[in-house]
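Pasting the structures here.
Two complexes come next, and they have one chain in common, subunit A, joined by subunit B in the first and subunit C in the second.
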Partner chain A sequence: MTISIASPSDSHERSEQRLMLLLLAPALLVVGALLIVPLGWLAWQSIWQDGGFTIVNYQRFLTDSVYWMTFLQTFRIAFVVTLATVLLGYPVAYVAAGLPQRWSMIVLALVLLPFWTSVLVRAYAWLILLQRTGIVNSALKSAGLIDSPLLLVNNEFGTVLATIHILLPFMVLPLYATMKKIPQELVMAGSSLGGSPLHVFLRVFLPLSLPGMIAGMVLVFVLTLGFYITPELLGGGRTYMVSMLVSRNIQVYNEWGAASSISVVLMICVFLVFKLASLLIPFERIIGTR
Partner chain B sequence: MIDATKADRVGASIRAASKSYGHFRALDNVSLEVAPGEFVSILGPSGSGKTTFLGLLGGFVQPTSGSIWLGTRDITFEPPHKRDIGIVFQNYALFPHMSVGENITFPLRARRLPKSNWADKLQGALDMVELGGFESRRVHELSGGQRQRVALARAIIFEPRLILMDEPLSALDKQLRESMQIELKRLHRKLGATIVYVTHDQREALTMSDRVAIMNKGRFVQIDTPEQLHDHPADSFVARFIGEATLLPVTRAGNDTVTLGDAVLRTSRSVPQGKALSLAVHSEKLVVADDNAPHASNRLSGTVTETLYQGESIRVFLKLSSGGDLSLRLPSNHAGRLHLKKPGEPITVALHPEDTIVVPDAP
Partner chain C sequence: MLPKFSTLVLSASVIGFSVGFASAEQITFVSQGGAYQEAQTKAILDPVAALLGITINQDSAPDAWPVIKTQTATGKPVWDVVDTPTQDCIRGGQQDMIEKLDFSKIPNAQKMPAQYKSPYSVAYEFYSSVLAYNKDKFGDNPPKSWADFWDVKKFPGTRALRNHPLATLEAALLADGVPADKLYPLDVDRAFKKLQEIKPYITVWWTSGAQSAQLLADREVDMEMAWNGRVTAVAKEGIPVSYTFNQGFLQYTSLCILKGAPNLDTAVKFVNAAMTPDIQANFPAYIDYGPGNPEAYKTGKITPERAAEMPSSPENAAKQVLVSDEWWSSKAGEDAQKRWASFIQQ
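Moving on to the complex of A and B:
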């Protein structure tokens, strides 16, 4: 009798692993072919030009004010949008989590409803609402609240507003999921122990809903960084975000190297945001697998 | 130190409280007087209204009618945080984002008590539940029994006027549960606190309580001492719920006699009139009839159907010749074994008139 013979369970386990790999193969292939390879090619383009290595594409970040102004504006918009979605989304999620199942589903459906129309349609809808002769301005005017129309669109304000509208579900859903998991008994315990509703909210509910809030903030922030259609249509040329810089470099100047370098820098920024957030809560909670 | 002096003790009083959800009456006109310093258990099967009753006392459920008093104070419409009732929840409801110390001092912080007192009070509460040195531990590092103690410490640190416990031991294993029962009793004596204890475990209720209120279908069926509940059940529901009673339908034959099939049984208690009746037989009260059995005892004969060896006792199941099944316990000692019959053998059992409990059938 030899000891080195693998036990039946070992060989079974190995064949199971082979099967798993086989099942994963198509997905891995798609991700590899459609994501990793293009990304690598993208990064390569930013440092390889006319048969030699170059850092000129990255030097522009230091020398060209348009570059860092654009990044600055993009981050500012992302920050404002994130803050606004927290302030708007938290009460919605709170109410939805507290309602009986049937009603909370209705609230969530209303939050998700805009998802079913394209970003393009929603951008034009905002344009119709907010333009100089739009519904909002004419209503305010006929109510006698303003004399001349407000500048509500074709600027940063319009862009931020529409972005908030589009991204609100990304804040509400993780918040709702986290709040739903907070045992009702903890709130009851808090109040039975003498905590006023405000005290219990601040000391018990809010801290326990924080993971959902951070998850939502990361999602909204990162998604805003890459927004393109909304600022393009509602920014009126005055709002210049990173994605537009990429598109201009390709469509107008045919500068693939410059466009690639911007994308790479933006990608690094996104990684940094995730890294920062993962210091606060585990990454699995941001993407909602735990 | 935590010390409830006599002056602080108050009783609780629930007066004719009802709670309806639509057409469903979760609580139907319940009244309960809890004396200061008393330990009262609410015992009932799940869905009997225990949780609603607890919610009523805790302030999480508003009664449809009736009132709730704490001492001389009407608290019917007071919010939970103003009631001064310490609650120990079934799953402890410890705050997972706080340390043990932060959990226990939560009531002090919520009440904005001066921080200078906190350390002493925390130490007192930790000592009381024998968790000294645990204040900086995280909740998830604790065992079930330790969490239980933290929940207890948190509920007593602010010297509440009433302590509510909602099946606090149900999540613990049997051995721990029994030692916690003793500990809770000790704590009750030490604090002199008024305690309302909700449970579905009849043995737990009988072991710990001064009085037990049996709840069924949103009503209190009987509120009595453990001994009274066991020996003088109000109806067939209580008899079935407390102890190991087997119920057999009987008919009234006289003031102190009933008939079971063709056998006439004497009881030393008066037989209620005009109701469907049942004989409640506790297995420990039946003895195998031999020449030593008191002459006055009722005798029932039948056939042994099964015997179960259960360690300290042997349970014998029998079928009465008049129909109906009974069981009795024999001690698993030599004398007990002498009485042991094999399945299929005839057996005669005796039931003393004092132990012949006749109850009206529950509605």
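Moving on to the complex of A and C:
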């Protein structure tokens, strides 16, 4: 009886797998055609120029100060942004995870609402807030706190501030997901064994929330490395990030090989960041599949 | 904008058929999009389509250069005629991406000054990089020259320049006392040295025309180098800004034809028709950019008042420096462009 039922379900499963593969095929084709092939072409372009192999595009990283200075500035900004999002995002996620369901949903909605707004719109919003005649400066001025307007935007400060705002959800969401899974009993057990709230937090809660924090940090760091619109609009032309170097090489200098090599190096940097992080927590946790 | 373009194509082809061209000729024309392309559709493209009985398909690219490069690399370009900064036409021509123009087939360009033409291009539309300022800030004594722009003591205030060496290096040299007729070839070292002086006082190095307009409109900067059309657009909104054509940098976009263009013959006919003085004279009616063909000022279509606002009118052109696209597309010009990135970063 059981056998006669199992074998049709087996063949059913096989046909289902075939169907799944068939259904997946277009997606795989799209990924292949739109991701794998262009990436390969990109890498190829950086080493093949005028009918021969060349390393000139990579040599520039050693000889041209603009290249490594841009990478340095980009990594510095990514570092600052990551640190700031941890400091700002952790308390928010902590509060959201500790609140009753309905309230935590409201907190999360407040985090997500700006997340759904276009990056462009938010960049301009910051411009309006922070510029010389902006709301912040006029408020400070009318309060008598400053005489001449502060330079809050069109520099690295404004860029970093807006980037933090844009990327904060990428820190809060993985943190919240991890914190939600920490059993309250462990915290209670810690208290009942005589730990002060701070002690319990540092010894029990914080270590258990670390995977979410690392996942968030990796996401924020990697996303900052590729930021383009925000520094372009809020950087005042001085805040020069790697993506701008790529676009400049194509639009102004027409150096496709150079642009490709920068992209390849940036991509390698991103892989290295992921690799480093995966030593600490499994990769699947970073991208949130588990 | 898309439906508008398709109606245009449709109406143009209807005209084509009604005039009796069984297989209506067509070209694909590319410009920079936005209000500018809309204006030239009415000023130039519609009249030309009617005149020749051809269909003009439009495309737009804010920066056509990378696309020209990719299209011609395949040997089968889709575009025919491009309206683009002259530099693209010249360097494109040198790199075998742009067709050499046969001026015997473009009689309308015959009377144009030699410096408005190159073997690959013909001046189509003029704009100017001018010194713009906030009227409220400076009252009766606004900055009038690049020397004034550099004079932070006499003219205190925030400043902006374009994040690009073209016209910026020229401004630095004029501020440093180089006579306008001795600018080219540019003394690049001297220009960068002079720019270093003003660098601490530059609030923003703008990258797009829209950004330069926004800086003026929001009063983020008190003076800046900006394109004349952008400044007048801001002024029309009632914001107290003005500019001077004095020591402005006259620039033009040109028409050029892609190498191996699918409709080469029609493209040449199009270029000639687009340069017709009478059609060129339509530009000022729709936008604050001047006709590329100076003959347009003689048609009587442009009022003297309007001509005074046009960067390319003979009177205004005389006050300005014509930017040398030839120099900028030379090796020295390309090197200066590359040096710009490190100048900005340091």
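In this section, the second predicted complex is superposed on the first by the 270 of 290 C-alpha atoms of A that agree within 3 Å, B and C clash if a C-alpha of one lies under 4 Å from a C-alpha of the other, contacts with A are read in each partner's own complex, and residues count from 1 in each chain.
By our rule, a residue touches a chain if its C-beta (ideal position, glycine included) is under 8 Å from a C-beta of that chain, and two chains touch if they have at least 3 such contacts.
In this text, all values refer to a predicted model and were calculated from it rather than measured experimentally.
Superposition of the two structures on subunit A shows subunit C fitting alongside subunit B with no clash. When the shared chain is aligned, subunit C comes close enough to touch A:Gln131, but subunit B does not.
In the superposed model, A:His12 makes contact with neither subunit B nor subunit C. Legend: residue contacts after superposition of the two complexes on their common chain; A:Val66 is shown touching subunit C, with no touch to subunit B. Of the two partner chains, subunit B is the only one that A:Leu193 touches; subunit C does not reach it. When the two complexes are overlaid on their common chain A, residue A:Arg76 makes contact with neither subunit B nor subunit C.
Comparing subunit C and subunit B on the residues of subunit A they touch gives the larger count to C.
In the superposition on chain A, A:Arg248 makes contact with subunit C only, not with subunit B.
By the document's definition of touching, of the two partners only subunit B reaches A:Val204; subunit C does not. For the pair subunit B and subunit C, the least inter-chain C-alpha distance in the overlaid model is 47 Å. Overlap of the subunit B and subunit C interfaces on subunit A comprises no residues. By the touch criterion given at the top, residues 64-66, 69-70, 73, 127-128, 131-133, 151, 154, 232-233, 236-238, 240, 245, 248, 250-254, 256 of subunit A touch subunit C in their complex.
Those residues of subunit C that touch subunit A in the shared complex are 63, 65-66, 69, 158, 163-164, 203-207, 211, 214, 218-220, 334, 337-338, 341-342, 344-346. Those residues of subunit B that touch subunit A in the complex are listed here as 58-60, 79-81, 83-87, 89-91, 93, 95-97, 106-107, 109-111, 154-155, 158. Listed in rising order, the residues of subunit A touching subunit B in the complex are 183, 185-186, 188-197, 199-200, 203-204, 207-208.
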